[in-house]
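Just so it is clear, A, B and C label the chains in written order, and each chain counts residues from 1 on its own.
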Amino acid sequence: MERRIRVIVAKPGLDGHDRGAKVIARALRDAGMEVIYTGLRQTPEQIVQAAIQEDADVVALSILSGAHNHLFPRVVELLREKGAGDILVFGGGVIPEEDIPYLKSKGIAEIFGPGTPTTTTVDFIKTHLKRE
Amino acid sequence: MIDTLASRCLDGDTRAVARLISLLEDGDRKAFGTLAALKGRSGMAHVIGITGPPGSGKSTLTDKLIGDFRLRGLRVGVIAVDPSSPFSGGAILGDRLRMQGHATDPGVFIRSLASRGRLGGLSKATAFAVRALEAAGYDIVIIETVGVGQSEVDIVKVADTVVLVSVPGLGDDIQVIKAGIMEIGDIFVVNKSDRDGADRVVREIRAMLETQAMLQRGRSVDAGPDTLAARNAELLHHGQTGPIPETAPPGDGFQLAPVLKTVAETGEGVPELCKVILAGFESAKTSGALESRRRTSIKSQLKDLVAWHVMDYFADRDGDGHLDVLTERVLARELDIYTAARELFSALLKGEKR
Amino acid sequence: MNESDRLGKAVQDWDAKVEKSNAKFPERKARFVTGSNVTVNRLYTPLDIESQDHLEKVGLPGEFPYTRGVQSTMFRGRFWTMRQYAGFASAEESNARYKFLLAQGQTGLSVAFDLPTQIGYDSDHPLAAGEVGKVGVAIDSLADMEILFDGIPLDKVSTSMTINAPASVLLAMYIAVAEKQGVSADKLNGTIQNDILKEYVARGTYIYPPTPSMRLITDIFAFCAKEVQNWNTISISGYHIREAGSTAIQEVAFTLADGIAYVDAAIKAGLDVDEFAPRLSFFFNAHNDLFEEVAKFRAARRVWAHIMKDRFGAKNPKSWMLRFHTQTGGSTLTAQQPENNVVRVTIQALAAVLGGTQSLHTNSKDEALALPTEASVRIALRTQQILANESGVAETPDPLAGSYYVESLTNSIEEGVLAYIRRIDDLGGAVKAIEQGYIQQEIQDSAYAWQMDVEKNERIVVGLNKFQVKEDPPKGLLRVDPAVGEKQVEKIGALRAKRDGAATKAALEALKAAAMGTDNLMPPILAAVKTYATLGEICDVLRGVFGEYRPSVMF
């Protein structure tokens, strides 16, 4: 049996800075994962539908515009509504540390700030997969 | 969970369909068992293969086609195949990005698949995924894949209609001419046709189709004898395993495959393409050509699956020890390799254990 | 033996000695490179630059090819403009920040708009949820613009607006506000970024596809050449390309290639090159490798001067001059030990000054994490003021000229840039290169290589992969009040109720007709803006006619 970890990499909202998202996508690919890159300007609804259809194990959200407190929890909420609460959700970008407790309380597993090595993210996924 | 997967899939439950496709992709044998529960819906969808070189705009074209099918009330499933990295085994699946506009339409299901090691070809998971989508009630299933060698031929085995996409100005305008490619296309599309050279590509494709048609009917063409004979032989050979050409009406009017121009980005030409695809399917149904084609296709897939079972046997159990023993004997020159292979195969058939 | 030969021999001997010594005590690295992977030699001497004609290659400040600067006296005449990018939340709060900065000695305004505004959406659009006022000020209509510049005399300040896809609309609003102040358009000074090509490639706030976008841009060129003569109609940008991960050479190459595309488009639209070229301006980044950055600016000026003179046949010397604004590199700032960022910004600002920039924005130390507070933005401004007044580097133009290293680097960068421009020409120009994903792929590859170098510790980032400390998260970061979004939505509602709906409707209809034809779009946009049509309403009319851009993504 050949199981591959499937990851959605998405940029919710209007932020167009995709350098980080693309670097992460490549790093995850190089670590043997299958990455579905959904591109810019995604609504939470679009991200969640993609995650379900792609049978994703992970949803990775990247945002640098400050709109994370609104958009990230919405993604988790929708996933749960659709019975996909077992998908691991985490985020990265420009997110002040003081917002992290709130985001975690809303179901975001982790926030990877600027400068996080890609290996940290890869290891996190491997050790925190909620689905078997 | 697997037991309910089949019934939930038949109910159209998106999560179940997605899960089932993954299990089939992963090679989970229990999942293969569910296919039995889905056989009632087998063949109910119109399977369309869209293939072409990278940069030809297939995903954008697919995105627009989805829109047209939806206007007709048809439910559409899409399988977008991208290559896995040969180094890491991972993949970046980026086709979905161009179709995300349909992400929240409940009548559309988009799934990205990585080729997973099958050298440039379609994974067998693709065929299984088609069955899963069919079972869930999708009327149209589109398989979108990069045309690279093996996968082009593979797509014929799975699709009822094959759309070959090319673009003007990709350097070598006649990328379409690789061994056997012309035969697999039911419909030819020249995308990005607002660019220079589009009409020329259309003319070239039409000329090749005409030549191919004439050769298949055994008429000679003004060309050197050696090349003609060689080409003739090759084309006739491929004609045996490729799609059945549409039956020619009496008299001279041989039907050539349609060649259409589109500009997928703006949607120009896509409604016409949609009509041609659907009309072609209808006519193949009534003429019996569809059934012939599916018959050929099933035979071909059966052969492939048997071959896969054999390789699987070796993967799991290394031939139950026979493989090692025979290898040593060949190394020691006790046995030649061909005889060894035949012995191995006999052992496999008998299910002998060592 | 002449002097050159003697030097050559001496260098050879020196080299041999160093080789021997390196065998026992190796240098720190096997290969030394600049921030952009250009090899840095063991030694630079006059021999590295002796074959070049000094006047031809280096020249004099204020003279072709402007390697040493676009003005003869450079900062001896006037310091660069200290222009700090600012804007957030509501027009009222931004107005207060502008007044603060002007009082602290800032000499020009630079407006940051929020993402919905940059993408032509009103604050009540569904996609605007959570984004209103976050990365800049929310401007939904002329009413907001009036508040933004309330009490700020537009004939006395120069304003740079970082706005691209809807630049025409914001410029129209600025002109309308000035009119109300009694200031005629020909007295206005400022810049609009208006560079759509880099949006497709590095920044992501595009709306329309390339062809209609180019039309909007050339319409602005034509309109301003007649009505707003002191306005810089475009700021052709490399900053974002560099932030997206490109090398210094790519930053210049892709920017100048975009510039070529704009000049081509304007000429095709019937403009004479000398009519609009003097008003083209550029926007570059400043990263940490001091000498590479200085060389980069010098090379950019030289290459562009030749492009304008030789390729486009411009006759007016002003058309040959590459004038630019610089911002220090945001992506170089670390969230770890943010005080260190003050040092980084100083090096970067120094590079920009030594490189002859016309205006400069210095980042604040807390910007890896949030928009800057008043206190940290003041330090950023003081950095420039100390450089100007205490360091002496502004006392003579292009002080690094003649350095064997800097001149060699300038030449290497020039070669690299020309090679890329040739390649892009082969692909059919910048627009085609973008359609094919070539530029995006190059940038991505550089970004990935950089990240891998950092993770392998081949590139050191202090505080990040070396000299780390355990630290508490910073306190007192700027937060945008989430109520801003709600307030803006209320404002729009009130605006729509108050305005003359019929006049707005008529103006939007007229705009649609003009968009479908070939008339210059600035007059109908200006007319619509004055009826208090919202930004979203105006941009939606154009969306209806032009369609929306669909990106190509490569990996």
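What we mean here is this: contacts are C-beta pairs under 8 Å (C-beta built on N, C-alpha and C of every residue); 3 or more make two chains touch, one makes a residue touch a chain.
Quick caveat, the model's predicted, so the values are computed rather than measured.
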For this session: Work through the pairs of chains, note which ones touch, and then classify the graph as line, ring, star, complete or other.
Result: complete
Seminar exercise, completed: Larger contact count among A-C and B-C belongs to A-C
Problem set entry | Rounded Å distance, chain A centre to chain C centre (Cα mean) | 30
Problem set entry | Rounded Å distance, chain B centre to chain C centre (Cα mean) | 47
Problem set entry | Where chain C touches two or more other chains, by residue | 553, 555
Seminar exercise, completed: By the touch definition above, chain A meets two or more other chains at residues 25-26, 29, 37, 39, 43
For this session: Can you tell me which residues of chain B touch two or more of the remaining chains?
Result: 92, 94, 97
For this session: Going by the contact rule at the top, pick out the chain B residues touching chain A in the complex.
Result: 14-15, 17-19, 21-22, 26-28, 84-85, 87-94, 96-97, 100, 103-104, 109-112, 114, 116
Problem set entry | Residues of chain B that touch chain C when the two form their complex | 55, 60, 92, 94, 97-98, 265-266
For this session: Can you check the complex and tell me which residues of chain A touch chain B?
Result: 1-4, 6, 25-26, 28-39, 42-43, 45-46, 49-50, 52-55, 82-84
Seminar exercise, completed: In their shared complex, chain C is touched by residues of chain A numbered 13-19, 22-23, 25-27, 29, 37, 39-41, 43, 65-67, 69-71, 94, 96-98, 113-115, 117-119
Seminar exercise, completed: The answer for chain C against chain A in the complex is residues 115-116, 118-119, 121, 126-131, 134-135, 199, 203-206, 243-245, 331, 334-336, 368-371, 444, 447-448, 451, 454-455, 461, 464-465, 473-474, 477, 480, 482, 551, 553, 555
